[in-house]
Each structure stands twice: as C-alpha cells, then as structure tokens.
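As structure tokens, here come the structures.
Below, chain A partners chain B and then partners chain C, in two separate complexes.
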Partner chain A sequence: MRQKTHPLLIAFAALTFAFLIGPLVIIIGTSLSETSYLTFPPEGLSLKWYENIFEISAFRRTMVTSFILAVGGTALSMAIGIPAAYAMARYRVQLPAFLGNIYVLPILIPEIVLGFSLMKSVAIGADFPIMAALFVGHALLVLPYCVRVVGASLNAFDFSIEEAAVSLGCPRWKAFFLVVLPNVRAGIIAGFILAFITSLNDVSISIFLTGPGVSTLPIQLLAHMEQFFDPTIAAVSVLLMFVTVGVMAIVERTLGLTFLTK
Partner chain B sequence: MPRLRAWALSAPALLLVFLFLGLPVASTLATTFGDPAGPFSQYAAFFESRFRMTVLWRTMEVALITTAVSLVVGFLTAWVVAKAPPRAKSLLIIAAVFPLLTGVVVRSFAWLIILGKEGILNDTLLALGIIETPLQMLYTEFSVIIAMIYLFVPLMILTLVGVLEGIPEDLTDAAASLGATPAAAFRQVVLPMAVPGLIVGSVLVFTGSFTSYATPQLLGGERQMMMGTFLYQRAMVTFDWVGASTIAAIMVVVTLTTVLVMSKMARRLNPVAG
Partner chain C sequence: MTVSLSLSDITAHYGSTKVLEDLNLHVGEGELVSLLGASGCGKTTTLRLVAGFLEPTTGTIKLGDRDLTRLPAHARNIGLVFQTYALFPHLTVRENVAFGLKQRGIGGAERTRRADAMIERVGLSAFADRHPANLSGGQRQRVALARALVIEPPLLMFDEPLSNLDAKLRVDMRVEIRRLQQANGTTALYVTHDQEEAFSISDRVAIMNAGQIMQLDTPEVLYSRPANAFVADFVGFENMIPMTAVSEAGDAVRAEMAGGTSIELPKSHFTVPSRDFILAARPEGLLVSAAGDGIPTTLGLRTYLGRAYQYQCETPAGEVKANGPLAQPFDSGANAVLIPQPEQCCLLSA
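Right after this comes the complex of A and B.
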C-alpha cells in the first residue's frame, strides 16, 4: 500500500527545485544578452560574450591551468589512492581501521585552513614552485574521493577471483592489473570524474597557492568579478555548467547518480 | 608478508597526508602557542577583541541559520523525492545533483545578479511598485545566508533521500495496521529512524558553511566578514600569519568538535544500533 504524498508537500518540493534551478537559468539567460551589463531576461540574443571569453588571455590561460591541474592532480591522487583503497579492502585484518579516517582528513580539516597551511609550509617554507604546490594541494584535496569511491567498488569485489588467478600462477602485480582493476573500473571512472570536478571548482586551496602568472579558472573568475561585472562571467559559468553535465553523464553511466545519495 | 604488503601499498597515500596535511596544519596550530607573552595569549587577544568576536559570532549565526533552514527544506523535499515514482525520482535527483556539482563561484555569482542594487529582484520589485528605491541586499547577512542555503540544500536533499529510502515502507504500514495515525507513525517510527541521517546532514552543512570562503567573500564582502574571509584577510592582506593561524585553529577546533560530538550522538540515537 503506497501512501499518497500530501499535495502541499509536493508544492513545497516544486518551489525548492525552482529555487535550486532558477538561479542557474538566470545565469544562462544573462550570458546570451547583447547588453554589456547583466540583465534578465536577456535583451537581444548574441553569443558575443562566449567569444569574449577566448579573447581575454587570462581566461584562456587559467582554463588550461585548471584543466591540467584537475587531470594531473586527480591522476596523482588515484595513483596513490587506489593502492591504499585496495590495501584497506584486501587486508582488512592486517591494517588498523583508523587508516580510513586518515584518508578523509582533507575533507575533515577546513579547506581554507589547509590552503593557508600549505601556503605557509609548502609554497613558502619549502619553496615549492607555484604549480608544484597547486598539484600537491589538489591531489590532497581529492584523495578522499579517490580512496572512498574506489574503496566502495573494492568492497563489493570478490577477492577470491584474484586468489584464483594467483593460485593458477599469475604474478600478484599482474593479477592486480588484469583481474582487480578491470572489475572496479566503474568506481575508478566515477571517482576520477568526481575528483576532477572538485579540483576544477576549488577556491579555498587555490586562492592561497596561486601567484604571479599562475592562476586557476575559479580564482580568475573571482578576480574578474571584482573589476568587471559583465556577461563574460555568465558565459564562463555556462561553460562550467556544460562540464557539470558531462560529469553527471559519466557518473550516471558508471555507478549511477543514486550513488551520490549514499 | 601480507602485513608488509598492506603497509607498502598504503605508504604513499599516508605519506602524502602526513607531509602535506599533517605537518603543515600542525605547524599552523603550533605557531599560535609561540607568543612570548604566554602560550595562550593569542587566544586571549582573540576572545577579548570585540571585532574578532563579532566575526566569530556572525559565522556561528550564519552557519546555524543555514543549517536549520537547509534541514527543514531538505527534509521536506527529500521526503517528496524518496516517495516519488522511479522516473520522477531520477529526474529530481538530477535536479539536485546538478547545482551540487556546479562550482561555488558560479552559484554565488547567480545571487550577485539576483540581489544586486540593479539586480533582478530589485528590478522586479520596483516594476511591481512594491518598493520605490532599490533595497540594499548585497553585503548583508541576509545575502550571505540566502546564498549559503542555496549552496547546501542540494547536499541535504541527497543525504536525506538516501536515509529516507533506507526506512522500509513495511514499518509505516505495520504502524498503520496497528492503528497509528499517519502523524503518529511519522513521529514514532519514521522520525527516530531518520535522526542519525538528519544529524549527518546537519554536520555537513554546519561545517561547510562555518568554513566557507567564496560565498561570504562575494556576497558579504568586508562588511560581513566571516571566519573564512577573515583568515584570508589576515594572511594575505595584513600578513599577520600568527593571527591567521589563531583563526585557523579556532576553525579546526569548532569543526572537529562538531563532527566528533554529533557523530557520537548520531550513533547513540540510532534506534537500529541501540
């Protein structure tokens, strides 16, 4: 027997979703306006603000930096996060359970505290170049996603398959790459893409580590907003929304979006 | 041998966390106790300064209001989502995930357009004749709170949809068949089972809004300084690293205490575990 949801509740939920989606629709609208100020509904229709993004060299540069950082930082984090997640799932008896808590420390410690501390100790204290410090910061930031999303897949993996391969004479490292990894591919892809978007959108760590000549897209957006308040920012925002759509499509195809409600 | 292998595989990740989180954060915390006037003099100075306490209380207030509103809005909405037919449910989940995965700068920017002096809300209210002069909505606590709620409602919805789906419908049916009114079944069956999830969601929203930077920076500015923007200002504008470290330490203590106390409470209140 399925209970009916009260119509007032449904109306309330509809309002909530209007509240969630409305502002994003407004951004899309303002990005299409012909006017040089932000207005909604748009006056006239034009794509000139999208062209303008690529005419501003700071946006071109920071887009490339942000992309390299998100892919590179996530790859680094995966390279060390997958073995850690594997060890946690495979050697549950041999490893203390608190290791799992250590890997999520980057979420637990306020991001802005982490950014400030990295600036002090790593960028200035250890004299890391800007890009290196950003790499380390972003790899650290996304480590929890790598370990936990891959870990969720590994926990569902039947390790006796791996044992079968090993007992049939397959070297352990080879069994890992040929048997374990292909079986948790969905988790790796989903973890990678969630980490990627987290890194791409990061403000609190990057704001402390960017410096002369090297910046990321969100930091550049913040800087641009302080000087100009034109539809270019709206256009960049829309581009970023396209990235979000791509990310969602990939998560849906791998673990399914309902994974995010767990 | 397996033990060695297990530690060897974990070593790189542990090293990354130790070197680039453990040491730097420990050094930040340690700086706050190094004052020649006494180990706690930085904290004494913080708690005696009227300005700094205003920032701390404002941050607490904004974070608490954001959490409370997100909790109510998120719970009611998640309820509808969890009970929706499968196809509608996946659409609604998409509608909640989309803003969640869109960057904080983009989402805060939306509210700059809406709440600005010549923004959409003021234009609309003027056109409707409700107000005669544009309202100052930006750089007020109101604008920060609205944008924060906007930021965190999707997170709350998604957390609670998972929780509510985990409560078997048989239980409410059983309560009904034993004569419970829907309200009583909700109060005595559903709510107690949802409490741990409500706590988890609230902790996520509270710590997230307590430590946020971009949103208070864009919508609150200098006038509505919060702990995050205050830390940044101390560190990068006035270069007072010890002062910034003290703010950082207070943020760490507040968030960790919240997480520890509340997760202990969530475990204790969990009717299934108890």
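Right after this comes the complex of A and C.
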C-alpha cells in the first residue's frame, strides 16, 4: 500500500521548485535569443551572445582575473584556515570556545560592511596594489568556509591516529602531512570548492577593491549592464552558473553533497 | 633487548589541577604491569607521560638507563596500542604495519619482509592488502598489535586495548597479547579499568585512585590481602565492619563491634593489625548460619546466585551482604548469625 500524499503538499512542492528553477530557465532562454535586447521566451535561437563574451576583451580579461583570484584567494585562505581548524579541533578542550566563532565573523558581518572596511584598511590604509587587496579580501571572505568545512572533518578525526604515528617514530610536523591531511582530504576538497564558488561569484567585496584596469567577472557584468542591456549579461550569468553547477557535480560525484551540510 | 621502566617522584598537572602526586613505579625487565582504576584515577595520564604526549611537572622517567623525561615522543621508541586502535585509515594493513619501519629508514624489500612476517604472527596474512575499514574489531586490534611490535620496542604500552571488543573476543585477545608479550620478553605497561582483565594478564597490578598508587602487587596478593580499605573495596570486600579488640583469651582475640556485640577471632586465622581495626569481608566471607559464634543478624531479602543464596542482613554494625548455603535456605525475617570465613575476610587497620 502506498502512502497517500496530500494534493496541497504536491502543489507547494511544485511551487517551490518553480520558484527556484523558474529564473534559471528564463535566464538560459534569454541568453539564447537572437534579439539584441533581453526577452523571454527567446526569439530565434543563437549562441552569438556566448561568442560575444569571448569577443569583448574586458570579459576575457576579468574571467581570467576571477579564476586566478578564486584559486589564489582560496589557497591563501586554506593556508590560514587549515592550521586554525587543526588547532581548534586538536586543542578543543584547552582553547576558549569563542575562538571558533571568530572565524565565522566574515559570514555574519554584512558583506558590504566587510567590503567597505577592507577598502578603508587594506586598499587605502595600507595602500595595497589592487590585485593584492583583492587576494586579501577574497581570502577573508572565504575563510569561514575553509575553517568550518575542514574543521568538521578534523572534529571527526581520531587524534590517537596522529599519536600512533608519533609513537612509531614520526615527528609531529611530519605526522600532520602523512596521516592527518590524507584523512581530512575530503573536507579540504569540499571546503576548497565551496570557497572557490563563493569567491568566483562575489560582488560586494570586489566592488570596493577593484580599480582602474583590474576587475572581476561579476563586476564587469555590472559595468556592462550599465551601458548595454543585451543577452550577453544572461550568457555570462549562465556561464557562471554552469561553472558552479559543474563544480558541485564534481563534489557530489566524489564526496556526496551531504558532506557540505554536515 | 629487555629493559626496565622507572617512574620516580612523578607529579603532573592539567592546568592547575594536580592529576598525579609523587608517583613511583618500577616495571621490571620483561614484566607486565597493569594500572587499574576508575576513570580519572590518573592511569591514562601515567601512560601518556611515558609515551611523551604529556610532560610531568616534576620527576623522572627512565627506560633502562635512558632518561625519557624531556625526550620528544617520536624519539622514545615505545610501542603503543590504543583503545580506538588508531590504525591509519588511508593505508592497507601491510602499510600500517610497515609505517614504523619506514620511519626508521628501513628499505623497501626488508620492510615488506618484516611487516609480512609480523602480520603472519598475528594471523592476518590473508588480509594484508585490505584497509582497516574492511576489518572486524578483533582484526583491527591485531593489526594495531603487529604495528606496535614490528618496531621491536623495548617497552610496549596498552591503553584500554580491549574495551571496544565484545566479551568473548576480549578473553581471546588478552591471551594473545600476553602470549606475544612473553614470547618477545618485552616490558609492558597496561592500562585498564577492568579488574578481571588486569588480574588475568599481569605479573603485577597497581591499583590507582586520585593520582596515587594505592597498592602495587601480584594479583594473588591484591585479591586476598588488600593493604587498605580502598583496595579491599575495589577487589570485592564489600562489607566493612569497624571493630575494637577488647581482650585476648588463649588462641583467640575477642573483638567488639557497634552495639556492644562481640565475636571471637581465632589467632590461627586472623592477625589483628591494631586495637581499632576493620573486618573486611566478601559476601561469601560471612557465612549465614543458624547458630554459632558470629555476628547476630536479622535476615532480609534473599537472592539466588547459582552457587549460593545471598542475603541483605541487618546487623548491629549496619546492613551487610552475606551468603548462605543452598542446602539451607532461610526465610526473610529469620534470626541467624554471620560467621567470618578466614579465607574471604581480611583485617585492616582503622
């Protein structure tokens, strides 16, 4: 006997899906239109707006910048985040509990406030070059993801394993690389990907830190929109979306998405 | 190579809490000594001090004539077996066992040969290429044992190694541990909270409480002649009856207890340690009898133990547990006497 589902529940579920999927369908449709203005349903079918992304040098340039920034910022953040997460998991008893919360602050503080204060301190105050300021800003932005996701892995790690390695003659620093890191690899990959996506799609931090000659793809998208209202915007959005979905698919295939919600 | 382990005047703190106080312990060459006690008694702290994961506030730790006190953990050359097994999840059984050899710079072929030989000794040759996740609890503990033994350490240490196994496997594994330890003549320190486990496996047992060793002796002595009330209670002398020696008559001492009742303790079986003393008795050490020279009692609840009946007994010294023969059951409320049985009783100074 099958459990009967209430029709209203089905209706609500359908509505929620429509609400989530609808805009994506519209934007994909719009990006395929032949017209030079945004319209849905698309009139005609063409990939010329996708070609257009690569013809406009500003998009090409910022795309590269965004990728370098996402990889570099995340790497920098991991370099800080992994040791921090390790220390907090390893010395959970000895360290005060609020320390863990400090690393979540970049999520709790409105991003626009974070962006503004970074501009005041790093870009203007410390007079960092634009690219360096962006690296620092993005590293800070994604730090919570690195610390939390790697931390979740480390909290599940039995530190007797590390002690076993040490007792067998392996110095502490070497044991970290030989037995700790390989066993929290899944957390590091998941954290890296989450951070990468967050950095790639960021607007509010970047908008304060970009400057003459250096911009990121989402910022360039905004700039483009102010002058042209053509389906290129939709095409770039779809492209960003697919990179995100693609990366998520890799996570799902290798680790399972449930990993991210743990 | 067999060496002895010595801990001298060890004091240790966690923050400002003192967890060990002036601890002295000597484990002889090839000897297996257990640290036995409830959680928080300092037994694991002691093991971690020797392993080098903690540093003592004062005192010295020596292995043979080597001073370990300030030596980093990885340089101590001690084989450790953990409660959680602590196998390397990302390595196969063979790689797990070979890990210590690799750290010692022992090359490929020699390393594999020695690892495989040790895996064979613990009976896991068929599983050498598996990962720990695909092994049972008992098999994992064998791998942990092989991994600790293969480096041929002068000292082996076990931290509650059998706690995560089921009862039957625990008995098999402790025999296995004892067999391997004796075959290699390795000095060993064994931490457990399980009295049966400690007594069955050890040459000597240290019963610990509140950061101190209460008594260190062979299981036989601990079981029959505890040195103090704590150890007596720990090894099952559940009844503690305070007494005062009042007079000597021939070959017996007359001892008085609360309520003014007195019994005679024959000198041939009991040595009274001081004027005020405690009669510590297991339930089977107080024989419930209809008449005789014993502690007068009113019997309470009777429970069946298989080999005897046990009674909750009301005596002038309070409630005690005593056993009576199966052949002669008493009813609840009956009056009887409890006759101390020398082999299951001991007298402690008050």
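The criterion applied here is as follows: the second predicted complex is superposed on the first by the 250 of 262 C-alpha atoms of A that agree within 3 Å, B and C clash if a C-alpha of one lies under 4 Å from a C-alpha of the other, contacts with A are read in each partner's own complex, and residues count from 1 in each chain.
Please note the rule applied: a residue touches a chain if its C-beta (ideal position, glycine included) is under 8 Å from a C-beta of that chain, and two chains touch if they have at least 3 such contacts.
This one's a predicted model, so the numbers in the text were calculated from it and none came from an experiment.
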- Message: Quick check on the chain A-based superposition: chain B and chain C, clash or fit?
- Response: fit
- Classify the contacts of A:Glu163 with the two partner chains as first (chain B alone), second (chain C alone), both, or neither. second
- Between chain B and chain C, pick out the one touching the greater number of residues of chain A. B
- Between chain B (first) and chain C (second), which, if any, makes contact with A:Pro171: first, second, both or neither? second
- Query: In the superposed arrangement, does A:Val179 touch chain B (first), chain C (second), both or neither?
  - Reply: second
- Regarding the shared-chain residue A:Met241, is it in contact with chain B (first), chain C (second), both, or neither? first
- Message: Touch test for A:Ile80: chain B only (first), chain C only (second), both, or neither?
- Response: first
- Answer with first, second, both or neither: which of chain B and chain C does A:Phe40 touch in the superposed model? first
- Message: Between chain B and chain C, once the two complexes are placed on the common chain, what is the minimum CA to CA distance in Å?
- Response: 8
- Item | Common interface positions of chain A, toward chain B and toward chain C | none
- Item | chain A residues touching chain B - in the complex, by the definition given at the top | 1-3, 5, 9-10, 12-13, 16-17, 19-21, 23-24, 26-27, 30, 37-38, 40, 79-81, 83-84, 86-88, 90-91, 94-95, 99, 102-103, 105-106, 108-114, 116-122, 125, 136-137, 139-140, 143, 147, 197, 200-201, 203-204, 207-208, 218, 221-222, 225, 229, 233-234, 237, 240-241, 244-245, 247-248, 257-258, 260-262
- Contacts from chain A onto chain C in the complex sit at residues 158, 160-161, 163-172, 175, 179, 182-183
- Complex interface listing, chain C residues touching chain A: 51-53, 72-80, 82-84, 86-90, 99-100, 103-104, 144, 147-148, 151
- Message: Considering only the defined contacts, which chain B positions touch chain A in the complex?
- Response: 2-3, 5-7, 9-10, 12-14, 16-17, 20-25, 27-28, 73, 76-77, 79-81, 83-84, 90, 92-107, 109-114, 116, 118, 120, 150, 153-154, 157-159, 161-162, 165, 169, 172-173, 176, 182, 207, 210-211, 213-214, 217-218, 228, 231-232, 235-236, 241, 244-245, 248, 251-252, 255-256, 259
